[in-house]
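Following this line, the structures themselves.
Shared between the two complexes below is subunit A, which has subunit B as its partner in the first and subunit C in the second.
So, the complex of A and B:
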């Protein structure tokens, strides 16, 4: 067996060129999933009459469909129905003009919504019921209580869970090659079409995904470090340095010290 | 233009697709079977923190958990025969291709199950192992009779979720040309120009099986909830 390093490097470069596409496939479904998941979870937790039941039913059914199967079905429907629907609404675009990446984003987003719904539901139950009751007793409406009291308390619970979703989504994003969307995996195998070095291409793609997932994990992991322990973390040190450089110059600091001294003097007089 | 979907074609597809479900079941069987054994071994090895082995195992688990199943499938499907041939197993190139699909899923499951079992073993109170040593059990006896039975109970929910994920993951196999139920649905679609019915049946089958599996694992979880 020969593992050609030059083919491997060519694949790596070619795969990296498609990184923005993969990042789009990861970030947009994630954002939509966050939003949709939160709303659907709220439907279920607050037992909104019809919607709550529908969400419960829909989510548990939809979670049974593998992402590839869903993707292929959406692609088929998109291909055969888009022209008619576009004509019906008087849109002049045809199916050939639409980037198929949107079908992939749609499928990934829907999957992400159902997964996020589960996570957010768990997070909702971690906020004590007294919080909502107290907010209502203060005269907030149900929506105000949700927005100002409950959702902010979901954040610390939701951040660690977000990490699983980011990594899961990075890995899921590769299945879109089933419908021919160009992204990192396809990009990495472009040189292989000429050289038949498919193994090198797949290893290169694997390394890119691995680096991406590890980086995401590390970055979000930094948020879990308690504020008092952040001194020893390189990430927070860099953040602090950037912040310091951007906001406070030496002159400003001196001025601040002056003002502080003046204030203290006033206080003494008073 | 013909209708996009017809129940007639749907029912005609069912007997053509159903036999290929066996391929999916076989992948799950080998994936879980081999993955479970190797996963527990790997978990126990990692818990011993062997100085020379630990970095390798850590990288292995990290790679398997950090890269898409599809990429692993492609690497192992195309790469493992070459690696085997390079180390002297020349006939590996002529083996049934399914062996490498099973291997891909088994190696992936090994990593995931090892993490599930590692955390489960760590969740068993340390006093259990110490007590086992105190009454004179060897390490092997202590793990087999005291720690693993308790760890198994703790690992069950994670194992169930992983099982269903593997079941879903098998649907990727058609992308390397395996004729499983999904591959068959694609082939049917290509020959009849009506793919939707086949795919829909596959989706329904996956939904029913996943719900069944989930109900089954929940039942097991409740039945085995003794002593808490």
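So, the complex of A and C:
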């Protein structure tokens, strides 16, 4: 079997054209997963009445259902109920006008939330109870203690696990093909429909996913570095430089304002 | 100034505190002694609401709190007028020494960062650790960490500081530096309740000594009396055992 480089390149270009959609399928669930996972984990760790129990139940149910099954269920519900619900709320959109990518995002986001909840919960327990107690004894509220002391300490612990989820989610994003959402994999196989160059198409798609996953891995890995060791990382050096430039600009602006005020005062005297 | 009445606390069915009452006057140093499991630490933790007592009242000047049913506002008010020094320091691991001392000022008291930084550096200089201001706790010795823990408490200008076995986690050669700092706090006239096993130190620094056992106050009084002429048999056996035991360590 011959491997045609030109077909491969055509697939690569075609797949890359769909990259924004895959990025959307990855980034939106990721953001929702991080936020929702952290909040749900806090519900469970702090034993919030009702919400904590509900979270535990929801997560255990959701973890037992394969993503493809969940995806198809959501799609069927979406197809059959959307028009009625839209009509009920007086929205004139019909199911045909909505991009089905949103069903994919919804399913992937729920998946992310449950996975991240488990990771964050583990990370929560890694922060010694004394850290929270010390914060409370200093007069911080529970929320302040969470935001300023506990979450900053659990992030480095959670990062390796989150990294797995993010990479997993980049690869998982291709399952939305099951309900016909167009993304990188679909894009890369468009030329194959004409040329039957399926191998080239899938290799191209694989290459794109791999590049995306590696880039994500590199970026997230930066948060694994503890604050005291960050001077030696290029990423944090760039961040520090940006921050420094910003403070310098503020200082310059202040100075400029001062000079301006002095000038005005001087003009008044004149 | 600080008065505690009828404090009770159980863990499951285990009664840890049975009707403990205590008075602390302005600038007074009160030491609590007693065997492990006598409820000393639990008492301190109940006062700062790190544990919720089953019953009891607390009065701090004009603030009256029912320990069992205190509302969030009272809990916060109590915490913001007191400070706590922990056995294992509990410095914020994600913050430098300076940030540790600043945190309560900035976040809880609303002091501006510039002013908080100034106060924090004064406090660090006061415990002799200004040169470590930029270090993270993981790079400091236990003694240094505990001195910063005390600076973090003192900088909040509390009416009373609770110290829970502040030197028990330290290597013997580091105990002295921490005790020196606590002496300085006493000299500043800040009231303290200290749970400690450092008998000689308790005798030297306290105005009032309380001996607890089995969740009760067995005996209390001025240090000379408790250490030289304890009235209760149990106090006597405890002190005797403790003093001979600690003598043996140093032989």
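Going forward, the second predicted complex is superposed on the first by the 221 of 270 C-alpha atoms of A that agree within 3 Å, B and C clash if a C-alpha of one lies under 4 Å from a C-alpha of the other, contacts with A are read in each partner's own complex, and residues count from 1 in each chain.
Heads up, the rule we're going with is that a residue touches a chain if its C-beta (ideal position, glycine included) is under 8 Å from a C-beta of that chain, and two chains touch if they have at least 3 such contacts.
In this text the structure is predicted, and so the values were computed from the model without any measurement.
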Fit or clash between subunit C and subunit B when superposed on subunit A: fit
First, second, both or neither for A:5, with subunit B first and subunit C second: neither
First (subunit B), second (subunit C), both or neither touched by A:96: neither
First, second, both or neither for A:213, with subunit B first and subunit C second: first
Touched partner set for A:143, first subunit B, second subunit C, both or neither: neither
Touched partner set for A:50, first subunit B, second subunit C, both or neither: neither
When both partners are placed on the shared chain, which of subunit B and subunit C touches more of subunit A: B
Subunit B versus subunit C as contact partner of A:152, first or second or both or neither: second
Minimum Cα separation, subunit C to subunit B, after superposition on A (Å): 27
Residues of subunit A that lie at the interface with subunit B and also at the interface with subunit C: none
Residue numbers on subunit A that touch subunit B, as the complex places them: 1, 60-61, 63-70, 72-73, 76-77, 80-81, 167, 170-175, 177-178, 185, 198-199, 202-203, 205-206, 209-210, 213-214, 217
Residues of subunit C touching subunit A in the complex: 48-50, 76, 79-80, 82-84, 86, 88, 90-95, 103-104, 107-109, 136, 138-139, 152, 156
Residue ranges of subunit A in contact with subunit C within the complex: 128, 130-131, 133-141, 144, 148-149, 152-153, 227-228
Residue numbers on subunit B that touch subunit A, as the complex places them: 4, 62-63, 65-72, 74-75, 78-79, 82-83, 85-86, 168-169, 171-172, 174-175, 182, 186, 189, 195-196, 199-200, 202-203, 206-211
